[in-house]
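Since the structure comes first, as structure tokens, the remarks are kept for the end.
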Amino acid sequence: MSENVPAPEWITSEWLNSEPLSITSLKGNVIVAGAFQMLCPGCVSELVPQLRKAHALFGKAPVKVIGLHTVFEHHEAMTPVSLKAFLHENRITFPVGVDTPRHPHNPLPETMQLYGMQGTPTMLLIDKGGNLRRMSFGHVDDMQLGAEVVSLLSEG
Amino acid sequence: MSENVPAPEWITSEWLNSEPLSITSLKGNVIVAGAFQMLCPGCVSELVPQLRKAHALFGKAPVKVIGLHTVFEHHEAMTPVSLKAFLHENRITFPVGVDTPRHPHNPLPETMQLYGMQGTPTMLLIDKGGNLRRMSFGHVDDMQLGAEVVSLLSEG
Amino acid sequence: MSENVPAPEWITSEWLNSEPLSITSLKGNVIVAGAFQMLCPGCVSELVPQLRKAHALFGKAPVKVIGLHTVFEHHEAMTPVSLKAFLHENRITFPVGVDTPRHPHNPLPETMQLYGMQGTPTMLLIDKGGNLRRMSFGHVDDMQLGAEVVSLLSEG
Amino acid sequence: MSENVPAPEWITSEWLNSEPLSITSLKGNVIVAGAFQMLCPGCVSELVPQLRKAHALFGKAPVKVIGLHTVFEHHEAMTPVSLKAFLHENRITFPVGVDTPRHPHNPLPETMQLYGMQGTPTMLLIDKGGNLRRMSFGHVDDMQLGAEVVSLLSEG
């Protein structure tokens, strides 16, 4: 993506494992943000382990690994109470923001709608200046993700 | 296990994908019953796909593949409402019985307590006569499971 | 496959890990015979581990797990000398017969030609009476293989 | 590893998929060199696919992905003739150098001995200036490898 597209500020109703975080407050960091639903099988089997690995690998660099819980279906089954148990069971210790729900008016939550995400999992990469450099639906290969994060890190 | 240990009747509060089922009513079938929790990572990654595969493979034989939702932690996160969404997302079409909860008095649900299960996933194999022939905590290899089911099927 | 198709006797030039074996001499056993080439990637990643697992699982039953090295390409790279190193490195302790080469006249070796195999890996299942009950090109699922072996075992 | 340890020039008897390559001639490139044996199961299942992926991912950057065939056992089974068939079957199109054998005097080939490698697979990362920055026995995680390659790429 172009280097000049500011990532829209995410809209969240709650944060787990962290104080509330904003894109603005994280400037200077590369942000790896994985949008997931706790009952989406591909998220559980691929995105969550990948975020956990990135969190461990880049823990000392100015890289912030974050989860966004973007629930757009089965809202009653994926409440923050359930999410807390999910984080515990899947040993997720990085910050997770809950995308603000808009239902019953609309199944899509605020951030998902704002970004035009197609579903879950979706991977967002945001550079140190707050620009959205990747948004992709589906799985990103581990080697490619590692390469892209360090490429963004090496930018001035 | 010995061939002469009747499997205790399971104690369930609700069934999904089916009318209520009992061990007694299933006599004449080999029963493959997987005890799981929807937020247990090993259950999601291994037991659920295995049960789905067994259900497809043995669909025409007198084999009954069943899930037992044996919640012993995070009860508020794994309610029947959440379980329904989980079944949908994981394309589970075989019957799933909800092990009757005993909390707040005790975290272990009734069937889990009755059988003395150590945790989830646990695999139960019950022969045509209603005897418990295998109860094992952890993953059972696919080849071994296929072999054991047909071995039980071939009994008189 | 029909129960009345006798498996043609395989034609081999050498056996590793065993005295020469014939289908006739193995009557009374269920035979699990995997046809492979040591440089075929799908054989290395899937068939060989599956045969090793079957050999361990059915070791005490009247089941004979066998490999057939059916080289139809790169003949000079997959000689018995190379095969011996391959068996060692992949911890293969079950008998492996070398399908008799016919080159330079024809790239297909004798047994492969006789059976009309399409390539490697190919799985053969032969019943206690010496009939060919399955011949399939590609991977057979572990659960299905376990089920079929025991089904053949339970025949009179 | 320190940034000031020049990688010893490898000693090769033959190259496949390429003219002979030397570390000196590749200065200016990051070198990803995987030392393998074609019959080493961990090399086949993990290192080779990883090198193939790195070759595809970094194809346009000044990154050179290379294989070194460092045979230290079963020499007669892993000759260049066999190696050529292996490269074909495993769709390896990147350059592969054959580490010069020293047997019958010594099972270890020249480069392996010179570097003090412990076995296969071994991953070498060499920076643009020709310094050895990583030498590790066993599997390197894909995300980490992607990150390290780009980190070396970003050096002045």
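By written order: A, B, C and D. Residues from 1 in each chain.
Everything that follows uses one rule, which is that a contact is a pair of C-beta atoms (placed from the backbone, for glycine too) under 8 Å apart; a residue touches a chain by one contact, two chains touch by 3 or more.
Treat the numbers as computed from the prediction; the structure is a model and nothing was measured.
Student: How many links in the shortest chain of touching chains run from chain B to chain D?
Tutor: Steps on the shortest route: 2.
Student: Counting shared numbers against all numbers at the contact of chain B and chain C, is it over half, same, or under half, different?
Tutor: Since more than half of the residue numbers are used by both chains, the interface counts as same.
Student: If you average the CA atoms of chain A and of chain B, how many Å lie between those two points?
Tutor: Averaging C-alpha atoms per chain gives centres 35 Å apart.
Student: Roughly how far is chain A from chain C, centre to centre by C-alpha average, rounded to an integer in Å?
Tutor: Chain A and chain C have C-alpha centres separated by 49 Å.
Student: Going by the contact rule set out above, which residues of chain C touch chain D in the complex?
Tutor: 39-41, 44-45, 73-74, 76-78, 81-82, 84-86, 88-90
Student: Could you list, by residue number, the parts of chain C that touch chain B in their complex?
Tutor: Those residues of chain C that touch chain B are 50, 53-54, 57-58, 141-151, 154.
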